[in-house]
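Chain IDs A, B and C follow the sequence of writing; residue 1 opens each chain.
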Amino acid sequence: MTTTEPSSALLQVRDLRTTFDTPRGTVVAVDGVSLDVDRGETVGIVGESGSGKTVLSRSALGLVTARHATVTGSVRLEGEELVGRGPKEMREIWGVRAAMVFQDPMTALNATMRVGDQITESLRHHLDMGRREARATAVALLRSVGIPEPERRIRAYPHQLSGGMRQRVTIAIALACGPRLLVADEPTTALDVTVQKQILDLLDHQRRERAMGMVLITHDLGVVAGRTDRVAVMYAGRIVEHGPTRALFHERRHHYTDGLLRCIPRLSNPGHTRLQVVPGRPPDLVDLPPGCPFAPRCPAAQDRCREETPTLTDVGGGHQHACFFPVGTPEGEEALARNRSQDGTNRTTEVAV
Amino acid sequence: MAALQPLDDAVVADATGAGEGAPAVAATTAAGPAAGARAGRRARRRGFGVAFWLAVAWLVLVLLAAVTAEWLPLADPYLPDVSAKLDGPSAEHPLGADGLGRDQLSRLVHGARVSVTVSLSAVGIGMLVGGVLGTAVGYLRGLFETVVMAVVDVMLAFPSLVLLLAVLAYVGRSLTVISLLIGVLSIPVYTRVARANTLAVAQREFVLAAYTLGATRRRILFREIVPNVALSVLAFGLVAMGVVIVLEGSLAVLGLSVPAPQPTWGDMIATSKTHLDDAPHAALIPSAAMFLTVLSLNFVGDTLRRRLDVKDAGL
Amino acid sequence: MPLLLRRAVALVVTLLVVSFLTFCLTSLLPGDPAVQILGPEAATEENVAAVREELRLDDPLLTRYVHWLGDAVTGDLGRSYRTNQPVGEAIAERLPVTLEIGLLALVIALAVAIPLGTLSAFQAGGLLDRVITSTTFGVLAVPSFMMAILLILVFAETLQWLPATGWTRLTEDPVENLRGALLPALSLAMGELAVYTRLLRSDMITTLQQDSITMARAKGLPTRRILFRHALRPSSFSLMTVVGVQIGTIVGGAVIVETLFAVPGVGRLLVDSISQRDLMMVQGVALVIAASVVVVNFTVDLLYSLLDPRIRHGRAATA
């Protein structure tokens, strides 16, 4: 659950803002995000591609180094400020105290290096292990992430492993030096559906065993449902709704969250039920117009939404949302009804399954 | 083949450019298709920059010098002025005189004629024959392609400098022979470049679109593919002209360029090598002229090639 | 491995075609070798006929080619028309000189280009990168003979550090030998290193944007290790291609530089033989030069698989 005592949080992000200068103008990829992650806790970050969730995770760990990128705000890991640190100081954080699992293990692993070397190099660099010790540790790590015959696999190249095995290897690499925070950026998106659950279970198991804090980034609310303590929904670089997972699922307030939840097909639905998608596309992050960024796609958008930008407001129990006409409230229903009667046509595009 | 090195480089650059086309396009779309297209358009509108036009200006100057050399108020490039032998720049000889006391400026201007003739005709031959062959092969594919490309591979494996030296030594070394020979020897390279570009263009969206719109093969070939490939081959040809100019210089070093006393840049550099200790300007001035010309050709060719690249086309 | 077999067949076919072309080239050139062997005084009709008979010059072209090739395969490239020295022996004498200069140039070029290209890519867009990029672009426009003249002017004439011409055998005096080899090697190396630097830079920039590099950084590895252990190998495919081509041209690639520095290498031998109309020698040298190109390219193709484990294992996985 959310902690109110800031110093006790493992990761404390405050008003993080990441911008990129491009020839077209300044892209605000992350726009004033605040978030806490506790020890042993899993926080989900959900959003469409382009919502800024990947940039958020990389900015938080200081991994955004593009020449034209600017990161401002505050990121504290176990109370230590990370923003503004040089790469030299960050290297004491990376791998040792915070580690990352990437979306596609095939591109994240070095294709020209043996799996074993990719694990032992961190061990040898950070923990000063000898060749033999590092190798033994790597075998143990591979075994702990469920890779059969680790003594043999350690000599394999990434392309000789299956997709699921590769992701297990990247997890082993991330865990090698015993980080306290693990950021998993869409760890299952590039994998077969059948292995997705195994990988998520593995991450969950490791988190519990090692009492790590974990950030699980995904575009799939289904992934987040049973495995996170809290969820933050991102849209256009901002958190639009944030709360304990149960509360967020059952009493969703933001129309974007509502739209995302409607995207999940349910077995309980009668056959031939139309699968909803959130209409439209995420906005262009250059020169974002004033007002709620979701307004152009929102079924309940009113004039006010196009003029004022809603800020996160607490509705109790750590549940926050940024909406003037929240789902399930009288104002929200009224706004929806007004929009429906106004243009007559259904604003939500529907796709037949 | 030190002299042919830049040529090889350009080929590799071109080949990799064509090969990278697809993933690069994918990367652009990943970053946002609208963004890519807009950035591309912006780049095209931005113009070519000062350096590009300076390079073009120098090339035009060299071309003009070559064409008008006879009518310019210059000293006789063949007339030795013994008193001025190896002199530095003076009022009488603005760029000094060479080992025989001949006026350097005049020889430089007349020498441009050889460089221009050799590079234009050699590149013309290579570009025309190789370009047509490569486009045909890349468009028609099949057995024809296999056979032609096998021949091209063998020709490329054969050390062309050896061939060049042997033929020049025995057949004689007039400007015509040198130009023809270099032209013929460069056909395989152009065939490769043209084919690679044809293959790349033929898979681009507008060609596929033309097909689906029911355009005839002939129409597609001449309206869509040829103009696109021609530009790429032309950009490559500009870089290749620099290579040919260098090749003339290399032949001069070996004493196999156009026979003396006709002035050529290569010959001016080669013969003044013996005077490096007391009159380095005699070697440095023609070297500077050749360097600037090759640099300009490389720069213009490179700029055009990058502009034409599938990557930057905002596809 | 059927791919290997196909490559080997292609290699043999190319070698045959190249050797035939070499043979035709020298056989079709004007001038009667017999007359040249005998010299103008001794070239009576009778003598010429005898020599032509001995050298089988009156046989059909194809027959002569088969004979020549048969001998060449056993290492016998004939004898010089001028000195009567066996062609193979003459080439063997010169080859170490050319190889020394060519390999020295390659080593210098790579030793400079790898750190320079990597640094340039790492700082892409920065001041250092712009300086490196534009300098190497300029160097590309300096041909090797011009570079040779500039180097002579600076290091031999002005600073007098190194000799402008002359060659000492390695066995005689290794230091003098190296001093003599340095300027010719540098003349060749400058152009190469410009190409290598630019090639490595552009490939490295692509590599540095990949996830595997972000992951390596997220492991907290030092920059040096990320660049040279993680990024260099995947960035060096184009570089290796060009280096491969370059190695193939070493034997025939130093013709001009050897001439300028008066170095007794294979290139000099070729130029001298051509000007002396020593056809047997020209044939032999041309064959060796052509064959080295073809054989080295073949070998480089095979070595590729060592560089990329994906190729070594038959590209099993999706890239």
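Assume a residue touches a chain if its C-beta (ideal position, glycine included) is under 8 Å from a C-beta of that chain, and two chains touch if they have at least 3 such contacts.
Predicted model only: the values in this text are computed from it and were never measured.
> Give me the two chains with the most inter-chain contact pairs.
B-C
> Using C-alpha centres only, name the chain that sits farthest from subunit C.
The chain farthest from subunit C, judged by C-alpha centres, is A.
> Starting from the mean Cα coordinates of subunit A and subunit C, work out the distance between those two points in Å.
Here subunit A and subunit C have centroids separated by 54 Å.
> Could you work out how far the Cα centre of subunit B sits from that of subunit C, in whole Å?
The separation of the two C-alpha centroids amounts to 22 Å.
> Quick check: what residues of subunit B touch more than one other chain, meaning two or more?
none
> Which residues, counting only subunit C, touch subunit B once they are in their complex?
The contact residues of subunit C facing subunit B are 14, 17-18, 21-22, 25-26, 29-31, 137-138, 140-146, 149-150, 152-153, 157, 164, 188, 191-192, 195, 199, 238, 241-242, 245-246, 249, 252-257, 259-260, 270-271, 274-275, 277, 282, 285-286, 289-290, 293-294, 297.
> Could you please specify the touching residues of subunit A with respect to subunit C in the complex?
58, 61, 63, 65, 67, 87, 90-96, 99-100, 102-104, 106-113, 121-122, 125-126, 157-160, 170, 173-174, 176-177
> Enumerate the contact residues on subunit C facing subunit A in the complex.
124-126, 210-212, 214-223, 225, 229-230, 233-234, 307-310, 313, 316-319
> Okay, in this complex, where on subunit B does subunit C touch?
Subunit B residues touching subunit C: 1-3, 5-6, 8-9, 12, 16, 153-154, 157-159, 161-163, 165-167, 169-171, 242, 246, 249-250, 253-255, 269-270, 273, 276-277, 280, 283-284, 287, 290-291, 294-295, 298-299, 302.
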